[in-house]
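The structures come next, written out as structure tokens.
Look for chain A in each of the two complexes below; its partner is chain B in the first and chain C in the second.
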Partner chain A sequence: MALQDVCGFYDSALYRLYSSSEDSHNSTWREPRAKHSGVPLSFSIPHSQNTIWANHTDAFFSLRSHPSTTSVKRPFHLSHGTTTLAFAFQGGVIAAADSRASAGGLVACPEVAKITPIHSHLVVTSSGSGADCMLWERILAREIRLYQLRHGRRLSIVSAAKLLSLMLHPFKGTDVCVALTLCGWDREEQGKEREAQRAVESKVSMAVKSNKDLSDGEKPVSFCISAASPVGALSRTESEIQRKWKDPEDQSLISSQNTTITQQSGPRLCYVCSDGTFLKGELFSVGSGSPYAYSVLDGAVRWEMCTEEAVSVAREAVYRATHRDAYSGNNVDIFHITARGWRRRERENLREEYYREGQRRRECTKVREIERKKQRRKCVTRTEDAEEKL
Partner chain B sequence: MLSTHSYDANGKMKDYHYSGPVEHRFSPYAFNGGTVLAVAGEDFAIVASDTRLSEGYSIHSRDSPKCYTLTDTTVIGCSGFHGDCLTLTKIIDARLKMYKHSNNKSMTSGAIAAMLSTILYGRRFFPYYVYNIIGGLDEEGKGAVYSFDPVGSYQRDTYKAGGSASAMLQPLLDNQIGFKNMENVQHVPLTQEKAVQLVKDVFISAAERDVYTGDALKICIVTKDGIREEIVPLRKD
Partner chain C sequence: MFKLSEKILLLCVGEAGDTVQFAEYIQKNVQLYKMRNGYELSPAAAANFTRKNLADYLRSRTPYHVNLLLAGYDETDGPGLYYMDYLAAVAKAPFAAHGYGAFLTLSILDRYYKPDLTREEAVELLKKCVEELNKRFILNLPSFNVRLIDKDGIHDLEKLPLGAK
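Let's look at the complex of A and B:
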């Protein structure tokens, strides 16, 4: 897509097909492509869709005779419903999502990948309608690539999110349903690196020092600053949740490891929604399972946490959300983005986790039963002693 | 399932029973039934569909298969609204020809899938009411199945059922081909003969339980030697 635009190659046969088929129904269809730039696809929007764009152009023709708000009713459901979350901490950004795509009451696909890497330092979590997300991610990737080719440098995460938000704006009012979280790490330009290193570092020192050790080895050596962790959430043994991490093949090695977090570089998180919302933040969760995920995350996420703890918390949040929300489930995917790029944790099926949890609960109740029996026996012996005394 | 949402709260079919005063508008869609199935093997792909064309309580035709051959390595199965199926296959055929003329080679299965996704999304606000499944061989000669939703979201699978009986057939396929929800089983790779037999059994079960599936079954088997077709009779009631 991007290459085609840069070369100026327009498939004339293709565009002729579009224009000839639409010319015949000029009165009933609109071609939005000419009106606004940015969206490379040509959409035929029936008149009755209530877009902002419709309200502008139709004002001149006073189309009050047209049926206003009723649109063509679709006889089928589109895939919806999900739990995705992302948060930033001292060691980068964690993005996690479930893998269920539901259409109405049916699980359309149990193994969808909801987190898509766009380039080596940007990953997008998608939620909403499956087809819309797939296409808008593609459009976003194309626009980012075009910018990179034209300007020779990479768009920052916030700029990419702003671009996406502006491209989605013409479709406000239609039933395009897209809620994307852009998670990434902004890198400094080559020349500004020295300045950035001397620049003020935000937040805690010890955690950042351990982050610098990333450059030395494969696995991050980080110290978990002990703090009160939510009961039960992190009581799993390491062996249970140990998974392989997969690095992307084309990960570019940063020679001068600039892993400091400054105004210009560092972990970034933006949320863009098709209704026009554009938010920057440090913690987002989107989808039908997000309330459950928020409750776990709000209690456990801190800036100073180490990577293992962050992964564990993200996994726990998705696990709890999939348990309570009918439209989320199956597997959990986790991505971790650092200054060196993104890496992906092997997809984990949560079914095993349910069994382990059930096992643990059964053991707990067993222990409680034994305690209760002991207590009862003590009471009985005490009353017996009391009776004897009498 | 596809047709269940046409029932109201009391279980009456909204199109055929009186369930209160309702404003009727012309609906550009109709549901013509039919089930499509595709399975990908090591060096083959199977696309199968029933041949019944129905609408409401009537059967329009007992000989209307839903598999369409696109190239010698790709077959598409389309079920849903028959009018949209016909138009969509015409558009795909035209685009395939254009590609062949400008690039001097046939489109690969993956390319057809990507193209179909954009064709479907181009009608995002007035979709083609078609559930598509593409089955064929990829560039390396391995079997590939791509399943779509009506607005163009797609992904590559090993097996997929679409259409009116899809909700019944998909769990059966998950179990028999994906070996899911079973313990202590050997994951034996699927041979062509076993796959064809499985498809026949699966459609016989679908015809038993789904009213919109039946009459006959058409199986297209795609291998490097070409596309072979088989027709198997099913229940006609």
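Let's look at the complex of A and C:
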């Protein structure tokens, strides 16, 4: 997409179908004329018979048609059936999400990847309509890349989010349903051109992540829950939860990175929604499972927490949400973004955790039952002694 | 709160994306006026410009559902507060409020407002309003940003108390 724009290349067959304004009343697709330079709206929306396409100078705002006219009827009620969360702390940003895609009352796909890396220091969690999210993530990636090529430096997270929000605004009032959380680390620019070049190489290699062999970047991490952790109620053995981390293949950006958090650089979180909401913050949870996730996160997240604790809190929050919410479930994906880039924890099926917890509860109940019986026996013997004395 | 110029603030509430879009549009246009003409718009002119935009979009297919308060200080006219609503009405008022909070606070303002309040008295009056909101308003509003505009520009005052009492 980006290369096509930069070269000014248009596939002649497709272009003829989408572009000509003379026979617009014949074609069923129409290209919105965006006068706003720099933000191209070069994709089509269906031509609505009832709307009047007057020569509106402000084409940016002319696309919001009344939803009641000729929009396509949805087969089921759209809700953000998911649990995604992200929070910032001293060690970077943690983004976590479940992996269930629901369509009405059934599970359309149990293995969806809801967290998508855009570039080495930006990751996007998506919720809402799956198709819309996929498209808008691609569009965002394209615009960030084009900006980088045109201006030689990378857009900051907040600027990228603002750009996305502005691009989504013309579609407010239509059926576009997108709620994205941009999680990333802003870096201070050192040696712009060199970085831009390295970004070109690394972007190509990071564009598609597959679960192939874990190469040199893998580092097995064991999670130990410290005694001070408020989430430490669940005790785990190290072997049960040992998960591998996958780093991005290009490690060349690591060398001279500034890891301190200043006003210009540091962890950043932005929430962008298709209804126009644009929020900057340090903790977000989106989707039908978000209330359950919020209650776990609000009690446990602190700025000073260590990485292991942060990951376990995120995992716990998604687990609790998937347990209570019908539209969230299956696996949990966790990403950790630092000054050196993003890294991905191996996908974990929460069914195992559910069974482990059930087992622990049963053991706990058994232990309590035994204790209670002992207590009762003590009471009985005491009363017998008392009776004897009498 | 959006800073339109050195002595004008625009407070904007309403529908999710509309507030930011509309307010930023007005903000950039006011700044453009200053760049083109070398001096800043007066609060009255800015209010009327905002209202005109609201009115223009009202009967289009994309009306903005926003309620606004524009506060500013003019060299010749002194301080001015303009109340605008989503139907593009504008009224210059000594005090104003939007939303459900208005039901609770307007009577307090009616009772205690005088045209010659001192700065301390004004802040006390604002505190009374916030206390009432903490007591009777259904939503818990943890803190309020407070700013003061006078002949020297916009000043940040201390945030009003966190949490309901």
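One rule holds in what follows: the second predicted complex is superposed on the first by the 283 of 390 C-alpha atoms of A that agree within 3 Å, B and C clash if a C-alpha of one lies under 4 Å from a C-alpha of the other, contacts with A are read in each partner's own complex, and residues count from 1 in each chain.
Rule of thumb we're sticking to: contacts are C-beta pairs under 8 Å (C-beta built on N, C-alpha and C of every residue); 3 or more make two chains touch, one makes a residue touch a chain.
Please read these numbers as outputs of a predicted model, since none were measured by experiment.
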Comparing the two partners chain B and chain C, which touches a greater set of residues in chain A: B
Which superposed partner A:303 touches (first chain B, second chain C, both, neither): neither
Touched partner set for A:294, first chain B, second chain C, both or neither: neither
Partner chain in contact with A:131 - chain B first, chain C second, else both or neither: first
Where chain A meets both chain C and chain B, residue numbers: none
Chain B-facing residues of chain A, complex: 11, 13-14, 17, 41-46, 49, 70-79, 103-104, 106, 108-109, 112, 129-135, 174-176
Touch list for chain B against partner chain A, complex: 1-2, 5-6, 25, 27-29, 31, 80, 94-95, 98, 102, 117-118, 120-127, 129, 147, 149-155, 157, 166-167
List of chain C residues in touch with chain A within their complex: 15-18, 20-21, 57, 60-62
List of chain A residues in touch with chain C within their complex: 51, 61-62, 64-66, 165, 169, 172-173, 273, 275-278
